[in-house]
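Some structures to go through are shown next.
In what follows, chain A forms one complex with chain B and a second complex with chain C.
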Partner chain A sequence: MDKKKTILIIDDDVHIRRILEIKIKHSGYDTLTAKNGKQGLEIIQDQKPDAVISDLNMPRLDGEALCKLTDPIKKDRPFLTIIITARINPQEQKWIDEMIDTMFMEKPFSPSKIVEALAKYFENTNS
Partner chain B sequence: MKKTKFIILLLFLLVMAGIILISYAQFKKEIQRDYRQIKESGQSLIGVLSLPSTANLLTGPNDYFFRELSQNAIGNKIAYCIIHDAKTKPVLLFSPGNLDQQVPESIINQSLLEKGFVMQEFLTPQGIGLIEFAKPVFKENKMAAVVRLGLKLPTNTFFTYEHLVLPSQIIFFILLALVFGYYWTILSFKHLESIKMPGSETSRIKQGKGDVKDIIENLEVYLASVKEKTSLAESNRQKLESRLKISQFENKQFFNIFNAFDFGVLLIDSRDLVFFANTYLLDILGQSQEDLINFSYYDVIEHEGLKAFIMQLIAAERHLGSKDKNMTFEETDPGQFYQASSSNIADAEGALFIRLIRVVNVSREKEAEKLQQDFVNHIAHELRTPLTNIKAYNEMMMDGEINNAEMQKEFFNTINDETNRLAKLISSILELAETEMGQLTVTKDMVKTDWLMEGCIEAVEAVAKEKDITIERQVPDNFPKIMGDKEMLKSALINILGNAVKYSPESAKITFAIKEVDDMVVFEINDTGFGMDDKDLPHIFEKFYRSENDDVVEQNGSGLGLAITAEIIKTHDGFIEVESELDKGSRFTIKIPMGDLIIG
Partner chain C sequence: MKSTGFEEILSGFSKISPLKFEIWNEKGVVGSCDLEDPNKVRQFLPGMAARVYATEDFLHEKNSKASELFGLPLFNEDSVAGVLLAYFVNTRTSKRKTDPDLGDAKVILTKIASLIEERWEMQNESDTLITELDKSYESLHLYSNVATQIKTLNFSSQMILHLLNEIKDNIRMDMVFSIMPDRPDYSEIVCREEIKIKDEPGFVASLIKAVENSNKELDEGYFIVNNSADSKSFSKLNKNPFRFLAVKITHNENFFGWLGIFSLNMDDIIKRSELRLLVSIAEQIGVVIANTDLYNNLEDFGINIVKSLIVTIEAKDVYTGGHSERVHNITMRMAKELGINEEDTKILNWSALLHDVGKIGIPESILNKPARLDDKEYEVIKSHPLKGAEIISPLEYLSESIPGVLHHHEAYDGTGYPSRIKGEQIPLFSRIISVADTFDAITSDRAYRKGASFEKGHAIINEVAGTQLDPDLVQIFNKIYKKSKTWQIQRQII
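Let's look at the complex of A and B:
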């Protein structure tokens, strides 16, 4: 039996953190949470989560900066990043496409869809 | 008129007679020349033919002689050549046209009987003029033979092409001279007409009897008139010169005006040549007037974007309308955005006269557009966050994933809170939009400050009570009154008082004071809350600005409240000041002019 995958949830909104935490735990994963990008980056470096779900607009370190900092880490240890954004625009689409294993989901998102994306990613990486 | 016609006819006849005489004289001269040439040729030829060697021809070979003679027969107009022996019997005969048959006996006899050179002119019965040269040939002092040579006299007639050339040439040159003379005269008269004396002046010339005095007087009058005309011409010249100078000055003035514009101007004429470029445009193009003026724009404009715009513009004159074009001048003005537009200037007939191209710096508009875009993006983000929560929590409930009663209650509360947050956000955005519209929506009325204070405290009381926060009132003996929009002012103060409650720890103390200073009402809200960082202070009135301080991030907020407050105070010609220190608290001071109170 594989070890439970750990998912890091980064969002400055307490309710979003809470609902994602419940949904992801219900789906059989372990969760970690962070209030901003800075905190999230520290957790990524220390606890090496298997996937990251992050808001785009956050205090301290936003989602874009976080992705750019974690992209070099992904070369050695790939993991999925799901960026949650209010509305995707062409510039955002461009930098997201340039990142390793990074996708976006527009608000208002469905927690089930996030879990589906996680499952699909782990399925592909394990096979 | 009849006299003139007669003179012209007479002149014409005289000219014709003259031409005929000249031609005839020329003709006669030619005849004489030909006649002389024939005589000379005959004499020299007969000299050669009568040499002693000719006698040998009578016995020896003579083919060569006849061949040579026949070759010369045409050129020398030889009619015949007969060589008689010593007994006058013709021995050798050369006569291409058999003209020797027509020579009268008398002529032959004369030639044969004479002991020396004979030259006789005669006409054949057929009317051909001939001249016979005859000379005896002596050999060893004895007459061995007689040579007779007949040459044709010139048969020139007057009416041959050759002779008609001369009169034709003369007539042609006379006609040419007449035509030139006619036009020259007309032009001279036209020129003279411009300085012709007016009628009044003509009357001034005395119709004298033609004595010297009259002539001199007339000449003086005429001279005065000429002087007058000359001075008029001079004044016209001066007027034209000054008009030219004015026009040049006006051009220069126009160019000065164009040069004063804070946008680029380029004028291109109908031949696609650059007519003018103002200094603004030259600066951003990095080119000089000399580089451009009177050259085809295509050859001299180095900026590809502008060149392409002009090309499209010219193409569009024939097809579709042209569109404004955005461009940048990175080399000369980096980071700035420009927009090119154009208009065509036509002359009175509607034909294209000049194309005017404007190149305007639109960086500020672009910046405003970006701010607007950012604002919309912020609104989208702010609205979608509570919406996401409502959707996500609802979805989990509907999927039956939450069975625990306590969690269900939590979920319902979150949905409720987020719905309220969404509603509040929408009203804030609407409020901001209304406030930004300024005076248009403000309904100023007399507002009692005690009512304002109580209204504000009432609005935040519930939350304050939850956190055990006390709000202390500091009031004057008499509450002042101000002119303003009571709902707006209340909203502005609630935002500040609400923030004081929101960003203060539990059991904190807040003071709300009202004072009257120099015709102004001063509201002061003091808290002992989290305070603000120095780096946050300059931005707190910006839309959607939120501090990254953890104590602030913890709390829900749109970042619109203080922006709305600042806008409302601005609408009321008031001021807002903030003093704050991190972990110590903040003091907001709002000053609103009392205005002209209407006591109803």
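Let's look at the complex of A and C:
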């Protein structure tokens, strides 16, 4: 059997971290959590998660800056990034499109849709 | 069994105390333990654990190695989820003077057990809260989706489908349906693939029929069946038991239909929160449908007002009866051939219908003169596009249709009126109307001459392509002319 995939959840809101953590754990993944982009970046570098779910607006390194810093890492070791944001504007769509394996989910997000997106990504990358 | 979080503490505690602690479940020890076991006491632990599981109570035993064993069940949600075991070891260095006090051991074991149980209870509560929060997030997501759709004026069957799918995924239902007898466009059923129900529309129809035939009061506007097996009229509809909820879609006393959810999973019931969600979505759908109806009625009303206006104008001109409708008809066919989008087609629609509205300001003596017009009279006639534009200019809704009216008498080579613009400078919609208008003018009877045949009209249109008319649009006209062998008949109808 495949090794369990590890998902990193980055959000400054504790209840969002918890809800995603439980939902994703129940879906059969391991989880890591970080409170801000800076902490998230360290975990990405050290623990190499298979996917990252991140809020856009966070203290100490926001979601956009985090994506721009992790994009070079993704060239060698691609992984999915899901950015959670309020209504997307065209400018935001543009930078998200430029990133490797990056997508967004609009707030209020649906936890089950996030899990669906993870499953789909792993299904496509495994085959 | 859930992790207790106490394994490490107990194992550490065991290292420094003559009393050793272990937590067991049905399979064996949980977490770490002291495996040194010089007195070979651990061999008694499996039996002890099993006995505690069976008695579900505190046990104290003395075994053949003269060692004391204690066991206490650990409860999680009213059933034994593990056992806490403790035993004394008489190591050579720590000779105890007296026998261990049974009461003391029981007290400390009970304290530790209650700590573990409290921790489990908190974890359970936290998990329940998180699960509830998860559901609220899903509902919030669904609400925000519905709210976005409510803003649009024109509700469509795709929107209903999308909404039903969202509900199905959101509250994990096997089937979600909206049934509106007078609006087949909005009647849809979505179903999980695994669910096998033959003839879904027929099944849903019989479900609704059973609801409507039931004697239950429907004052609340909904109907719940939590187990179809409890009711004769519902159990006969499907061989497996099911539960379902149907909510009325209404607005201001007007009944539109039913929104329903259906599930074959009998481990759950339809919850209060799901009922609230569905009632509120049904209310929103009711508002949207009422708004869409109102919008469509207004639009129809507008079209009918314009049509009466046209009839009024044409009543003045005895020879041009039906001209505007025919020009409109040809223009719309050309628009379709050109692949003009829905929004622009609407603008063109109004321009075509209203292109001659300015004739209302032309004296009847000129319009109906049974001879060729002199120059002065012709100048008066030439003022009708401008007059038409002026007439509709106060109507904000028609502002985009003005250019089509104003320039429908411009010529492709720049010799037309009122602005003498040429080629692409003439708005596309005016150029289209111009082709249709010219064709109908040639083939209609006039005060001073009889109308030409369709063949003759078609030939003349092609002769003036490039001078009076846009040659590309004449090609488009030729295409629809070829397709329309039935024009003759249609003309008689109009």
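Definition applied: the second predicted complex is superposed on the first by the 127 of 127 C-alpha atoms of A that agree within 3 Å, B and C clash if a C-alpha of one lies under 4 Å from a C-alpha of the other, contacts with A are read in each partner's own complex, and residues count from 1 in each chain.
Operating definition for what follows: a residue touches a chain if its C-beta (ideal position, glycine included) is under 8 Å from a C-beta of that chain, and two chains touch if they have at least 3 such contacts.
All values derive from a computational prediction rather than experimental measurement.
Visitor: Looking at A:Pro59, would you say it contacts chain B, chain C, both, or neither? Reply first, second, both or neither.
Guide: A:Pro59: touches chain B, not chain C.
Visitor: So in the superposed three-chain picture, is A:Met103 touching just chain B, just chain C, both, or none of them (first/second/both/neither)?
Guide: Touch status of A:Met103: no partner.
Visitor: Figure out whether A:Asp13 sits in contact with chain B (first) or chain C (second), or with both, or with neither.
Guide: First partner only.
Visitor: Looking at A:Ile22 after the superposition, I want to know if it touches chain B, chain C, both of them or none. Which is it: first, second, both, neither?
Guide: A:Ile22 contacts both chain B and chain C.
Visitor: If you count the residues of chain A that each partner touches, which comes out higher, chain B or chain C?
Guide: B
Visitor: Taking the superposition on A as described, I'd like to know which of chain B and chain C A:Ala86 touches: first, second, both or neither.
Guide: first
Visitor: Quick check on my understanding: which residues of chain A belong to both its chain B contact set and its chain C contact set?
Guide: On chain A, the residues that contact chain B in one structure and chain C in the other are 15, 18-19, 22-23, 108-112.
Visitor: In their shared complex, at which residues does chain C touch chain A?
Guide: 127, 130-131, 133-134, 137-138, 140-144, 169-170
Visitor: Inside the complex, what are the residues of chain A that reach chain B?
Guide: Residue list for chain A touching chain B: 12-16, 18-20, 22-23, 26, 35-36, 57, 59-60, 84-87, 89, 107-112.
Visitor: Help me check something: in the complex, which residues belonging to chain A touch chain C?
Guide: 15, 18-19, 22-23, 108-113
Visitor: Give every residue of chain B touching chain A within the complex, in rising order.
Guide: Interface residues on the chain B side: 377, 380-381, 383-385, 387-393, 395-396, 399, 401-402, 407, 414, 417-418, 546-548, 550, 553-554.
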